[in-house]
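Chain lettering (A, B and C) follows the sequence in which the chains are written, and residue indices restart at 1 in each chain.
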Amino acid sequence: MATYVVVHGAWHDGSLLADVAGHLEGMGWSVHTPTILGNGAGEDKSVGLDAAIGSIADYIAAHDLTDIVLAGHSYGGMIISGVYDRMPDRIKRLVYWNAFVPHDGESLDDLVPPPFAQLFSDLAQAGGSGGFSVPYPIWRDGFFSDGDGNLAQNAYDKLNPHPHATFADKISLKSAPGNWEVGKSYINGLNDAAMPHSLGWHPRLSERLGIFRLVQVMDGHEALFINPKGAAEALHMAGQD
Amino acid sequence: MATYVVVHGAWHDGSLLADVAGHLEGMGWSVHTPTILGNGAGEDKSVGLDAAIGSIADYIAAHDLTDIVLAGHSYGGMIISGVYDRMPDRIKRLVYWNAFVPHDGESLDDLVPPPFAQLFSDLAQAGGSGGFSVPYPIWRDGFFSDGDGNLAQNAYDKLNPHPHATFADKISLKSAPGNWEVGKSYINGLNDAAMPHSLGWHPRLSERLGIFRLVQVMDGHEALFINPKGAAEALHMAGQD
Amino acid sequence: MATYVVVHGAWHDGSLLADVAGHLEGMGWSVHTPTILGNGAGEDKSVGLDAAIGSIADYIAAHDLTDIVLAGHSYGGMIISGVYDRMPDRIKRLVYWNAFVPHDGESLDDLVPPPFAQLFSDLAQAGGSGGFSVPYPIWRDGFFSDGDGNLAQNAYDKLNPHPHATFADKISLKSAPGNWEVGKSYINGLNDAAMPHSLGWHPRLSERLGIFRLVQVMDGHEALFINPKGAAEALHMAGQD
């Protein structure tokens, strides 16, 4: 197999992908799960999208990774889109895992229902530091619907405040994802209702990729906690030649 | 666990949920499956929606059930919506199981394709007593698609005529489901085509709940007969804290 | 059980359904998997839709098959629609398996996104003989998304050029599928993205059948290679009484 770089989503960090990475390694992949700048406890939460993208591009360059499969989960879709824009030659395939697929000039906030963007903004404003968290009841039902209540609380306790500027900043891309000459895959969990299904991940965002490989599974948004083996299998299916 | 009250759908009665209830009890729940007024063989089939709702509210009051998870299957969604409107303080979470989610002033007939409502009306008119049944071929293919033919016939023979007025009567609700301050879940079976998927259960009706927990499974509309263990697992996932 | 006639899709031939047929026979069905005129290596690739339909109707007449369940996969939906139009009395149930459901006067090309029809036309023009193949990268990601890469290549090597006229020719039908008095089923694989899901197989094409039995599974478009046992189980579920 080749090298898999899996980029986490908002409120997460790379360490939370350890179980998924272990299963992928068991399938023969060399796996990296870097933490995006601005995530992690104690980090500067005023970080913006450009710096966040840069931190993963820097990681890939520093480790001189080439011919990689680059996956992004949720917010991680913004990151991998920006990384591909900066270093297309290092990337063999992009895997969007219930992830945002932006066009040039769009922010993550542009791709969610307007009330969500407003809630994020209100929460960040109230926090003061630039970082914010999703209230537990919303996360429990909206993000962790297919998990046990104890596991939900346990997982929630491992999350970290997310830098709000990375949601509000517009991305800069030289061309549209549908035109990118790279392998593309989209993993969609049928129990993932982090986006309301009337304005869902797939096909609304996935089809921006043009020709792509679809992998639909029964998982929800937090399969990395609830079903890490299944998540690894979906990533394997999406990332292989 | 807490107390689960599971309200059956049209043409059914509470006894048909015995297998599902058994599995839920095995998971630690205390389970009630009352029969709605107007259902059951030999019942008065001129019963309307208000009395049907009242019968389940009365059951809950008579047994002094509190802190309950209240699920409704299909037509049962009309019932649990009305019960919540009358006694919100007894209810911890509502679970809609491929169920109707009405707004104030709507009938079940308002939420199905107009030709369905016409067919229901014609069948009831022909019957004379106020009750009506779905013809077997429609039920076999439309409601029991994921089941064996012998089981389909066997299950069909256990159904009872449904009081048509409960489909035609408008419900009275003090506020919209999206504003109710109660836990909400929606179970959607991907093989449930009792509603045509161009006008489906989810997200068309589910998203009326506002923030809710989605549980999608592969089952069809009659999982209570075909996969009672799976139905219980979905109810458990939807109903737990 | 009864007799099952399973009609393959474009670029395929009847021999590729051998594994599926074996599993169906194990469930008690008598199974036929004829090859449509124009498919197979070395065949005349200038064949049109009318002759293609005629070849399967002739097969059924020659074997004097009656009371049959007639399934069509993908392009095979065009064929079984035409066969039913010609010999309705021999057919007990039609099973569309991620298949096209045409109305009178429509071609397969009318039912796919316009860029697909253009691509098919361009490829056929370039080929010269009337036959054409889908380029491997498109087939790998678009048709074989849920399969292993080695199996994808191996399966691709077994395909044969498809006669383009069968995609461009309009079908002639005496009445609309919704009015046909025959059992109808639709099998939809949730990983089947041969049609983009914004213009998907189901419910866009399936609901043209009127009342029908829906069987949704997790498979992709090429379950006959990737999961022949599952494909047979879906056909059994769709085809039984």
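The working rule: a residue touches a chain if its C-beta (ideal position, glycine included) is under 8 Å from a C-beta of that chain, and two chains touch if they have at least 3 such contacts.
Protein names from UniProt, one per chain: A, B, C = Alpha/beta hydrolase.
If you're wondering where the values come from, they're calculated on a predicted model, not measured in any experiment.
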Rigid-body rotation angle, chain C and chain A, from Cα fit (steps of 5°): 120
Numbering shared by both copies at the chain B-chain A contact, with half separating same from different: different
Between chain A and chain B, centroid-to-centroid distance (C-alpha), Å: 37
Residues of chain B touching at least two other chains: 190, 218
Residue numbers on chain C that touch chain B, as the complex places them: 183-185, 190, 202-204, 206-207, 211-218, 237, 240-241
Complex interface listing, chain B residues touching chain C: 137-138, 140-142, 145-146, 148-149, 190-191, 193, 196-198, 218
